[in-house]
Amino acid sequence: MSSIKSIMTVKDLFAGYGETEILHGINISVNDGEIVSIIGPNGAGKSTVLKAILSQIKINQGSINLLGKNIVSIPTSQIITKGISYVPQTNNVFVSLSVEENLEMGAWVNPNNTQVKLQEMYELFPDLGEKRKQPAGSLSGGQRQMVAMAKSLMVDAKILLLDEPTAGLSPKYRSEIFSTVRKINGSGVPILMVEQNAKQALGVSDRAYILVDGFNRYDGTGDELLKDKEVARMFLGSRD
Amino acid sequence: MWENFGFEFVNYYFIPGLVLGCIYALGAIGITLTFGILRFANFAHGEIMMTGAFLTWTFLEISNIFLGFYMHPLIACTPAIFIAIFLALSVDRYFYKPFRDSPTIIIVMASFGMMLIIRSLVQVIWGPNQITFVKGIAKPNSYLKDFSSSMDMMLLVPSKHLFIILGTIIIMLAFNYMLTSTRIGKAMRAVSDSPDLAKVTGIDVEQVIRATWIVGGFCAVMAGVFMAMDTQFIMSTMGFRMLLPMFAAAILGGIGRPFGAVLGGLVIGFAEELSAYPWFGNGPLLSPGYKSGVAFSILVLMLVFRPSGILKGRVF
Amino acid sequence: MVAVETLRVNNLMKSFGGLEAVKGISFSVQEGSIFGLIGPNGAGKTTTFNIIAGAERPTSGNVLLNGKDVTGLSSEKLYKLGLVRTFQLSHEYPQMTSLENLMVAASDQPGEKIFMNWLAPKTVASREKEVLERALDSLNFLGLSHVKDELAGNLSGGQKKLLELGRTMMTDAKLVLLDEPGAGVNPTLMLKIIEMIRRLNQERGYTFCIIEHDMDLIADLCEKIVVLAEGSILTEGSMTEVRANEKVIDAYFGGDLE
Amino acid sequence: KVGNPMAVTGPIPDLVAPMLLAVDLAEKHVNEQGGLFADGQKYTIVRADSGCDPTAAVDAVTKLVNVEQVSAIIGPVCSGATIAQAQSVTMPAGVVTLSVSASSPAISSLESGTDLVFRTAASDAFQGKALAELAIANGIMDLAISYANDDYNAAIAAVFASNYEILGGTITANEAHEPDKSSYRSEVATLGADTNNLALFAYYGSSGITILRNSLETGAFDLFFGADGMAAQEVIDQIGAENLGNAFFTTSTSDQTTNAFGAWKAAADAANVPAADPFVPNSYDAAFMMALAIEKLGSGDRAGIASALRAIANGPGEVILPGEFAKAKAILAAGGSIHYVGASGPQDFFNNGDVAGFFSKNTVVDGAWKAEIIK
Amino acid sequence: MDELIGYFLYFLSLLSVGGIYALLALGLNVNWGFAGLFNAGIAGFAAVGAYTFAILTTAESTFHYGGLGLPIIIGEISAFLIAGIIAAVIGIISIRLRADYLAIATIGIAEIIKLIFKNQVDITNGPRGINKIPRTWEHFSESRYFSQPILSWIGDNQFWQAFFDSLVNWWWQPLFAATILFFVFVVYMMLERARVSPWGRMMTAIRENEDAARAAGKDVTRRRVEAFIIGTMIMGLAGALLAQHLRFIEPTHTFDPSKMTFLVWVMLIAGGSGNNRGAILGAFLIWFVWSASELFLNGFIDIVANIFNGIDVSMLKNRSGYLRMLLIGLVLQFVLQKYPKGILPERRPAAPGE
């Protein structure tokens, strides 16, 4: 077995908004080729972890390593250049730009083969191809989510961060997103995603972390956590 | 051919309206951009315009001292543009940037403060008095006059007006191309939609904002110089006088729409000039005392019945 | 027992420019029932809700509430007729605390007339006390007590969703429209929400109309389900019937029946 | 110590700037020629900004009267500001106002018997009439009027219009215009439909020059005349003397052939003050007369200033010309009486504090305004 | 002694004008702080109040309409009501506009109001303005007041004449300032009560998220018009008081938006929008800076002149008005950067009744 290459490590992260600290020492790591999920109750700080990685909030303590380099307190736009692609939970498309322009913007940091990528995306999401000239603001909630995903895939990312990519999607698309996630991952991109469709998420994940109130509560492989009775009851909505 | 009515109308009402509209339109571009991208009504915009005109005048005088003749204002304005852009960028850096994440009203107030500061500085440096920009009166362009009279018409257009109209058209086309077809232009629109999202998409928002000020500053100086060429004098209050009609033009056209701004500028320019036209009987349609009310009435009606502007722009 | 129709929608159509988002749909919701509206993304569900709730005008067709034609009435009038809705994308008041967010939603507040505050402060205060209690109860129920004094703008995505739901608990509604109450909500909490909807339905007699992509919730709660696709009704019936329908599987479930 | 609220900021800074210089010149003359009283106290003029705005003027004068404790006010520039500060502050406080350029007829009836408001500029009621007579005398029998819609220009235009019609002239159009616009082409085109003569009442800086230029460019008018606000060197500089052959404007300066004006002109030229610009001599007169009045009174006491002012202005006594402070001081010290004859006219006050103006007709000769007394 | 009285009188005038501005700022606070309505037509609404008051209360005049000679209190109430009526009309037309658009519309409307006052010469005497406006308390010393009941019951004309002559000439000034402060106090109390009430909460909700408020049964349009009207009525009242203070009003400069409207906005933002106390504090503070800066600046220039003996400061003096504007601009930038939420930031009551 070859040694596992770590893509990103978050170590002892303390961070929050202004005065209030939300994360109290979080540890997360993503290795090459992995899909890693973060799950947990609402308000646990899952989105906050992603925001911290992207330098969008103040980090009080701890380190974040991307490919061996510390990226704490580097401006957001540079972090993106370093190969992180991110899809926020809400407000994740440019509403007055057309679908196509949204995707072009996704390719901002590396615009070289935009046309090829565009074609790929329209194949991946045929619905978007039909609406390519329509402003993203007039799409339905689910359609927007697809635009947001596609937009983040326009560059060859070293790691993809997804904040609830399937929220609001129909079962069909949800499954498709999960299989897309697998596909993307299969092409060699490690993925860190926050999900509330916990069972399905765990199903596709290599490993997962469960956060509660800003602390790491459990972690393990997807299957381990799925089988754990307590985890299932507390976080996966299983009825006993 | 044309009866007398036509010439009079074209020469005294249509062309002046067009010229005024062009100036408004150029000023409105900067306003529409800051409104769209930085999301605030920039009250200091008129002052950038005014400062540009004063700087241009200074360079005209300098050229007279060192070269012995007055350059054409459109040449003298080149260094003025650089200085004005520098001014706009530093104002942004020190006075607006700290408020990027604050509510709009704060930055609107800051721009109001900047308006006072810039204007007072100009008044302290250059004095509050009128300064002659170009002497004398502008005679109609003789080539155009001969040409049109041989066609049995009579066009009385001074060359300065031709410069203004052509200049505006060129700037507009360039600007529209930039916004819809260049990378930075699209990024401007993206930032205008959502700065946060732009940031996490990897767009350097600050760079886009700087580009905005550069374009806005350029248009403002051009508007200022055109205006100075037209009125032939400059004055420290000229920016503020133009500000409200320019706002009106920007909104009328649809915020974030450069062609809208042109259209808005033209509508306001025409309306102001044509309100004095004796449409019925001999007297002006509306007492010229109400002239500045015309722009506002149109604006208010427009806002009420079609808030997105002539070309659908962004509605907040 | 004669079933009373709380809501009836007749031949509703809506187009945006060239796009026909809703192409003539009709359905009805019985009093006291829980009704589900499902369908692929972009099928026109939210648009249908918006029309029923008075946020948008239909191009044609009409909406009957308790037999009365309410097509085109404004949201606030409909609210007074007992119709409450939530939004798919949370609509909180960001600069107000969670508690205030709920208190605002209460109906019959005499203190909302400015003169009452100067002329009859007593009346205002006593109603205010009731509203406060109810708001605290609702927060408690939703597990939001600890953020009651937090500004709503600072809540997490899911917490905002819950707050959205909490607003419907502040009034005595006849018909509640829920637009994806479960999106982004933790599965465990989702069970609680299902429970709450059921309780509100049974104890207070609310009629519910729910859009949701979470089939657990729909299957658990809804007696009757309408499936929309591309603006038209694909089929309707109970969960089992709908699940068995080939067309629905094709358009919606995508062969994945969980 | 005297307060001097002037519209430093506001709509007409061009007009005010030289007026400020004139006031400073008067202050300098007084102090250079021995100062006030036997012990040579400094004559101090405290400047404030009245902004041509009632609110600002009231605030400025409140400070002058209460904080600076000035003996008198030499005045706000605009009529509105003058009226407001007088009614709101100086009259209740019993302080004399000597306005330098407020020409509104309304000021004549401002005070009833308190003898607290004076001015060195003639009321528009006089100038409008003089201008109407001048127009008729020049054979201008029809004209269009365009006036800036502000207190000064609206007032004088109204007086002019009624007098002109009484004298048999025809007014083809009479319209207000909104000052400070960048173009008046359509206005002049409409006004000029039936006549080539334009009676223009405007401050040159806010709309006057633009209207002249637009008229000349469009050829709507070829003869222009009007009042005070336009007769400034700036107009010639901007429009060009060659284009102003057919323009004349009245001003309420004095007869430029008199000794008084000669003395003023010499002093002003030496100090680089434009001697004949609108209201500049009036400003000097006001500041200078106030010094004389205080000298005469022997103290800065507010109460006596009104009568002292009348005494030195209305005579009888030895004639004092602008700049002759030392001479006046000597005469007063010897117990004599003086009669000041000002740069802008004799400056004898009527009962209501007004002065009769002298008016001149200004035409462009050799690239400068040349004044010629008419009344 | 005279000096002390002088300072006292100046202080009173600061209080009076500050109080008038405090009312304007409170009115704006109802518009902006409570309801999020960007009203930039303050000068116009104040003008409506001022003109209403002037026309109703001045003695009969040939220059303008009426001079109806009504009692001052009727003038004040009418200013209050007429401003409200005008605001209602404007509000119904333009209230749907959001933030900056409403601002620009209201600027335009204020400008149109000004133009009407300027051009309807028969009614308002046009740009030449209305003169001899009575001022509370001081007006009793005018014979047209003391020759009327109730004062005439107490004594005859000579009695009153002699009485008023016997008073120091500034007797009315403290009373006038107190009257203005009284108005400020009453308006403050009423607004504060409204702010912490469900009404205030509802207004905040409407300001924050209109759609949600609508879905919660709030009649958004009506409420916004209501807040617009209440705010502008207060501005109308302030206008009436300003007319008394100045005793002369004209349309062009008295109600110059770049001074009045802007200044009031600065006051509210600096003081803390949404906070009534902030509005009042901001008004007094900024007015003090505005007014007293002239004294400081003049003193400063004198000092400079003394230090660098012989340099000519007349240029500085003559442009000191502009330096003052510069100073105000800098103060504003400072306050904004230091207190972006105002000196007294808005605080919503955490729970009712608190």
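Labels A, B, C, D and E are assigned to the chains in the order they are written; within every chain, residues are numbered from 1.
Simple rule for what comes next: a residue touches a chain if its C-beta (ideal position, glycine included) is under 8 Å from a C-beta of that chain, and two chains touch if they have at least 3 such contacts.
Note that the coordinates shown come from a computational prediction; the quantities given were computed from them, not determined experimentally.
Within the contact network of the assembly, the step distance from chain A to chain D comes to 2. Minimum number of contact steps separating chain B from chain E: 1. Taking the CA centroid of chain A as reference, the farthest chain centroid is that of D. With centres set at the average Cα position, the gap from chain B to chain D is 37 Å. The geometric centre of chain C is 46 Å away from that of chain E, both derived from CA atoms.
Measuring from the averaged C-alpha position of chain D to that of chain E gives a distance of 32 Å.
Taking the mean of the C-alpha atoms as each chain's centre, chain A and chain C sit 29 Å apart.
In chain C, no position touches at least two other chains. Residue positions 115, 118-119, 319, 322, 325 of chain E are each in touch with at least two other chains. Across the assembly, chain B contributes 123, 127-128, 287, 289-290, 292 as residues in contact with two or more other chains. Going by the touch rule set out above, the chain pairs that meet are A-B, A-C, B-D, B-E, C-E, D-E.
For chain A in complex with chain B, the touching residues are 54, 56, 76-77, 80-81, 86, 88, 91-97, 101, 104-106, 108-109, 111, 151, 155.
Of all residues in chain D, those touching chain E in their complex are 8-11, 17, 20-21, 24, 46-49, 51-56, 58-60, 62-63, 65-67, 69, 78-81, 83-84, 87-88, 92-94, 104, 106, 110, 149-151, 154-155, 176, 178.
Listing the residues of chain A that touch chain C in their complex gives 17, 39-44, 46-47, 89-90, 127, 138-143, 145-146, 164, 167-176, 196-199, 233-239. Remark: chain E residues 32, 38, 93-94, 96-101, 103-105, 107-109, 111-112, 115, 118-119, 258, 262, 265-266, 269, 273, 319, 322-323, 325-326, 328-330, 332-333, 336-337, 340 touch chain B in the complex.
Within the complex formed with chain D, the residues of chain B that make contact are 8, 11-13, 16-17, 19-20, 23, 123, 127-130, 132, 135-140, 156, 158, 227, 230-233, 235, 237-238, 241-242, 272-278, 282-284, 287-292.
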